[in-house]
Each structure stands twice: as C-alpha cells, then as structure tokens.
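Below, each structure is written out as structure tokens.
What follows is a pair of complexes built around chain A, which joins chain B in one and chain C in the other.
Then we have the complex of A and B:
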C-alpha cells in the first residue's frame, strides 16, 4: 500500500470480493422468501382446428389447433427484490398414444406445445422490456416509486387468443383426445439460479396451486364450406 | 526547472505514504468496503430495493477510494527517521580494509 497505484489495485481487489459475497447473499435471500403461486382459473373457452401451411411458400399442409383460454392466476409472491422478470407460459399437453396414424418413436409418450407466453418485468428491470417508448412510459408510471410491484403478478385473461397455433410433427392434430392446458413460470433473478414452477413444496417455496386445466378433446377439422358459410 | 516540476508531478502520482500510513490505509479499505457491503445488503433487503443496494455499495466503494488512494497527510504522520547522511563521523572505509587484510593473511 506504499503508492497510489498499489492502493488502487488493493482496494479494487477487495471490492470485487465484497461484490461477490453480497451477490451470494442476495441470491441466498430468495430461499428465505416464501412463494405461494396459485392459479384460480385455467380453462379453455374456444377450440378450433384449421388447415394451414407452416410458411407462405410451403406446399405442405398441416392442421393447426387454436385454443382460446381464460386464465386467472396470482403469481405476486414471486416478485421479490431479486426478481428481474417472470416468464409465464401455457402449454397444451396430450399423451402421444391418442394421436392415431402417426409414426413417432416409441419413447415419445407425451406431447407438449406452448400456446401462449408473456414476460412480466419487475420495476427494477422495466428498461429491459422489449416494448415501445409510450408503453414503457406507461409501465414505469404504473410502478412509480415502488421498488417491487407484486400486483403485476396477478394475471386475468378472458377468452384470450393463443399466441401460437400448434400442430404435431405428423401434421395431424384434429380430434386429439385428453389434452390439458398447464401454466408454467420461470423466475429470472438478478443474481442466483433460475427457478421454474414446482410440483412439490421445497422449504418456503410452495408448489404451484392449480395450474392444470380439465381434460378436453380437440374438435374435428373445420370444413372448408363451413368456413365459407361462417364468413358469409 | 522543468525537471523539478516533473519531479513534483511524479511525487503526486506516486503518492507514497509511510509504513504506519500503509497499515492504516489497508485497515480503512477493508473495513469501509465490508461495512458498505453489509449496509447495502441489509438496506436493500428491508426496503426490497435492489437498485438502492447497488448504489449504496458503489457509493461506499467510491468513498473508500477517495479516502484511501490519495496520499492524505494523515497517512504521513510517522515518517521514517533516517540516520543523518555522512554526519560528523568520517567514512569508515579503513575498517573494511583491515578486514580484507585479515582475510588475506
């Protein structure tokens, strides 16, 4: 520590140690914060299967399922000081045996496809949200002066259109049986490990309550003339 | 004249401090950084505000740098007392000579 340069080096060196230790404590503070996410309602409201092409120039025709749903979930307990953002997504799941006439490997026993997702940022991460300047201003205003905003974890969607229309590697999805919707989440912290929805309680973190819809069957393919009739 | 000026600049950049000052500087740096880290965590946890925690930690670190890095006067309170150069006693070269003679014999 005899000259300025040596003092700069020593101080910075210890600063990195302190920063690492504080970060470790912040990551550990997640484990003493209870989590009790719950899904009150998750149900389908409208089911439709249509024929379409995977992209504009494709000559291949596939069946696409459009699953509209209603969701009421309270994920507010997932928002702590260490939460950067929360990724919430809904998958449709069905056993692979129920699809007739497919040639899938025998070890594939179930299918899962994402139909809808969203990113919920914490107020400390609003600047990372991939939205326009006006929407960003609105978002910032909604949590002005609040370091965390658990109310953002309350999701209410009514008859929501899916973001993604799903199909199956075989191209056939109409009349699939025993389909369920499942809500998943992924907590992305500022420092620490990524965590997903759990099926069992771990310490203070409770398993996701609800989150699974009733089983339903996908309808038959919508007939072309029916579509014309509907348009007319 | 230019060399004198250069020498002064070199002294300021070097910022040398005495041995007691070095001990004190190390103590201040370690304690101040640790304390600012602890305060940052506790305040951030109780107010649930991670940005505040980061700013407290960074602010504490900058303060530590300001206190520790420049050669403040309180780091030079115990200068090393060197023996006088030359002084009244003549150079004691003869002693060496005698030793050498003894060895050669």
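Then we have the complex of A and C:
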C-alpha cells in the first residue's frame, strides 16, 4: 500500500496538479489586465515599384513594391508578467480587381502581404532572442532589474524601409489601386492563449486605436534610365 | 508480488482497468480532434524556426474551424507539405485571394526567408486544405518528453514496460 513507488507516484501527481493550477491562474490573469493599444501615426512616405527576380537562379521577372512608411504606436499596455514576446507586423492590403468574373464586396480585402515585422521580447525572454551577443547585452542593459518593461511597446519609426518587397502571384503589382497599410500585433504568452489585435472591445481589452493608413495607389514601374538620371 | 496471477479474477480486472485507461486517453484525443476539426489538435514544436515564441518541446493547441473569419495573415498555422508527413509550425505572411483557393505563403519568425523552399517541387503557395490548424493555446516544455522518446528510441519500450508493470502490480 505505502510502497515507495506509490509515494513517488503521489508526489509526482501532486506536483503536476499544482503546476497546472498555477499555470491556469497565470493564463487567466491575462483577461483581467486592461489593454489599450493605440497607433498615433501610420502613413506611407515613399512608394516605388521595381522589376526583379524572386531568387538568384530564377529567370522569371516580377514587379516588386517597396513601401516606405512612418509609424508611431504605443503598445505598452500589452506587456504584462505573462507576455513572452510581442510580434508586431504591418500588412499592405488591396482588393482584387478581377477575380475571374466574380465581383467581391468592396470591404473584402482579398490580398494581404506583410511588408515589415518585428519581435519585441519581454525582459524575461531576452535570452531567447536570436540576436548577436553585443545587441543582447545592450537589450538586457536597457531593462536591467525590470521584469516587465512596457516602454519597449512604444514604437517610433521614421521613413522606415520595408523588410519584405511584395509582389502578387501574377507578377504584376505596379499601379495597384486602393492599397492600405494596417498594423497588427500578436501577443505570445508564457502560458495560455495567443491573442491578436481586435476590431472591437472585449471586456477589459480595447480594440486597437488607429492602425490603418489612408488609401494610396502604387506608382507605375520605375524605368531603368529614369533611375540613372536620378543618380546622375 | 504477482498476487494478481494467483487470482485470475483480479488479473482480469486489472487487465480491464488497463484497457479502460488506454481507451479513455484515445477517446479524449479523438474527441478533441472532432471538436477542433483537426487531425492532430495538439502538436509538439520540433524546431527552433519560430523562436523566441516557440521552443522545442512546447505544446501547441490547434483550432481548424473558420467560424468567424478565414485563416488570414498573421496566424500561426501548422501545415503538411505535399507528400511529406512532417508538420511545420510557421506564420502566414501573405494571402492572395479568398476562400478555399486562396494562396498562402508562410515564414518562420526566426528564419530569414519565407518557406517557398520548404514546399514541394512546383508548389509556390499553400492552400487552406494543406493546413491542419491554427495555434490558439500554448503550454511550454510539457511536450519535451515526446522529443526525448523520438531521439532516444530505447526509452520507448523502457517507459511502456514500466507503465505496464506499475498498472499490473497495482493492487486495488
């Protein structure tokens, strides 16, 4: 009855039960923490469409849009003790003009592509970030002694180059109309549910304020000699 | 020891008990599969391509129904490449078109380039049916035991044997 095997079993069983209950409490604490993310400025600063190849060995030529933008956002309320990292990304969205005869309602954006993203780690997850040793030292120093650092959620970018040059499966993207930029975020917890930006308020979590740029049209393809002239 | 062997009735009861445990676990797994509409509703992260969000051994809960909205850009999805049986957990970064024929491109947060090279030959994009679920929940580290089991094959029979022994030797 009271063999050591049974005792080990009971101890392990109790340990897992306690661990799961504590984890459940931590996960539930997310829902009682208010969130009020807001985007003050999101606008394009420079638009360009160039021709290029998808990769070095490809002979296919495609058009690529390079969308530079300015961003000012305050996502600091998303950082709590259960935040492991915040994934922030900006998408370019535009409606399809011709979907083989069928007309989509105008509010459906049928094309969406990420042009820029960033991972903001919580100080407790800094050691997991995939950055060089010097950058890591700097990052750790910036939040020395702080288990939570909401100031990392304040993002200010001026005339930022996009990380990804986007195209369309057809290879054509020049002169696309009604393009908008939209900011999104994804909160990655230490334990619990993953959450994304909302369009409506749920409980204590407010919808993302702003985060949508004005509509713009992509320019025509940049000609080669034009580029030379600009350089000269 | 081996008291069960002396009493065939008790031995049979223990065997039934063991069968009950196995079938309960199996039905819970299949039930979750039906609820989430995913062939594999819980997956273990096997690679570091989504670090720092997910590390090896983390447990992910999937959801594969599009009740409120379509699978869209920014969601972390688990997909199977054509003719390959390794599930990959990556984020959707591009989506062209709507519905079941929408073209989806994925990328690991920790990878420099997108997944075009991981896809099958001639496959440039994923479609909705390649995806077996979107990640909705996360528990760290718990799945590490399965990675240990697959990396050290001798552990599997040892653990199964020990579990069987414990169940058989248990009196009650």
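One rule holds for everything that comes next: the second predicted complex is superposed on the first by the 212 of 232 C-alpha atoms of A that agree within 3 Å, B and C clash if a C-alpha of one lies under 4 Å from a C-alpha of the other, contacts with A are read in each partner's own complex, and residues count from 1 in each chain.
One rule holds for everything that comes next: contacts are C-beta pairs under 8 Å (C-beta built on N, C-alpha and C of every residue); 3 or more make two chains touch, one makes a residue touch a chain.
Note that the structure is a prediction, hence the values are computed from the model and not measured.
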item: Which superposed partner A:50 touches (first chain B, second chain C, both, neither); value: neither
item: Partner chain in contact with A:166 - chain B first, chain C second, else both or neither; value: second
item: First, second, both or neither for A:82, with chain B first and chain C second; value: first
item: Comparing the two partners chain B and chain C, which touches a greater set of residues in chain A; value: C
item: Partner chain(s) touched by A:186 [first = chain B, second = chain C, both, neither]; value: second
item: First (chain B), second (chain C), both or neither touched by A:147; value: first
item: Touching partner for A:36 - first (chain B), second (chain C), both, neither; value: neither
item: Touched partner set for A:2, first chain B, second chain C, both or neither; value: first
item: Touched partner set for A:14, first chain B, second chain C, both or neither; value: first
item: Touched partner set for A:207, first chain B, second chain C, both or neither; value: neither
item: On chain A, positions contacted by chain B and by chain C; value: 1, 190
item: Of chain C, residues touching chain A in the complex; value: 51-53, 55, 72-76, 91, 93-98, 102-103, 109-110, 116, 124-125, 135-140, 166, 169, 171
item: Residue numbers on chain A that touch chain B, as the complex places them; value: 1-4, 7-8, 10-11, 14-15, 18-19, 21-22, 25-26, 29, 80-82, 124, 147-148, 190
item: In the complex, chain A residues that touch chain C; value: 1, 5, 9, 23, 54, 84-85, 87, 89, 91, 96, 99, 104, 108, 110-114, 117, 119, 121, 125, 128-130, 164, 166, 168-169, 184, 186, 188-194, 196
item: Touch list for chain B against partner chain A, complex; value: 13-17, 21-23, 25-26, 29-30, 33-34, 36-37, 40-41, 44-45, 47-53, 57, 61, 64-65, 68-71
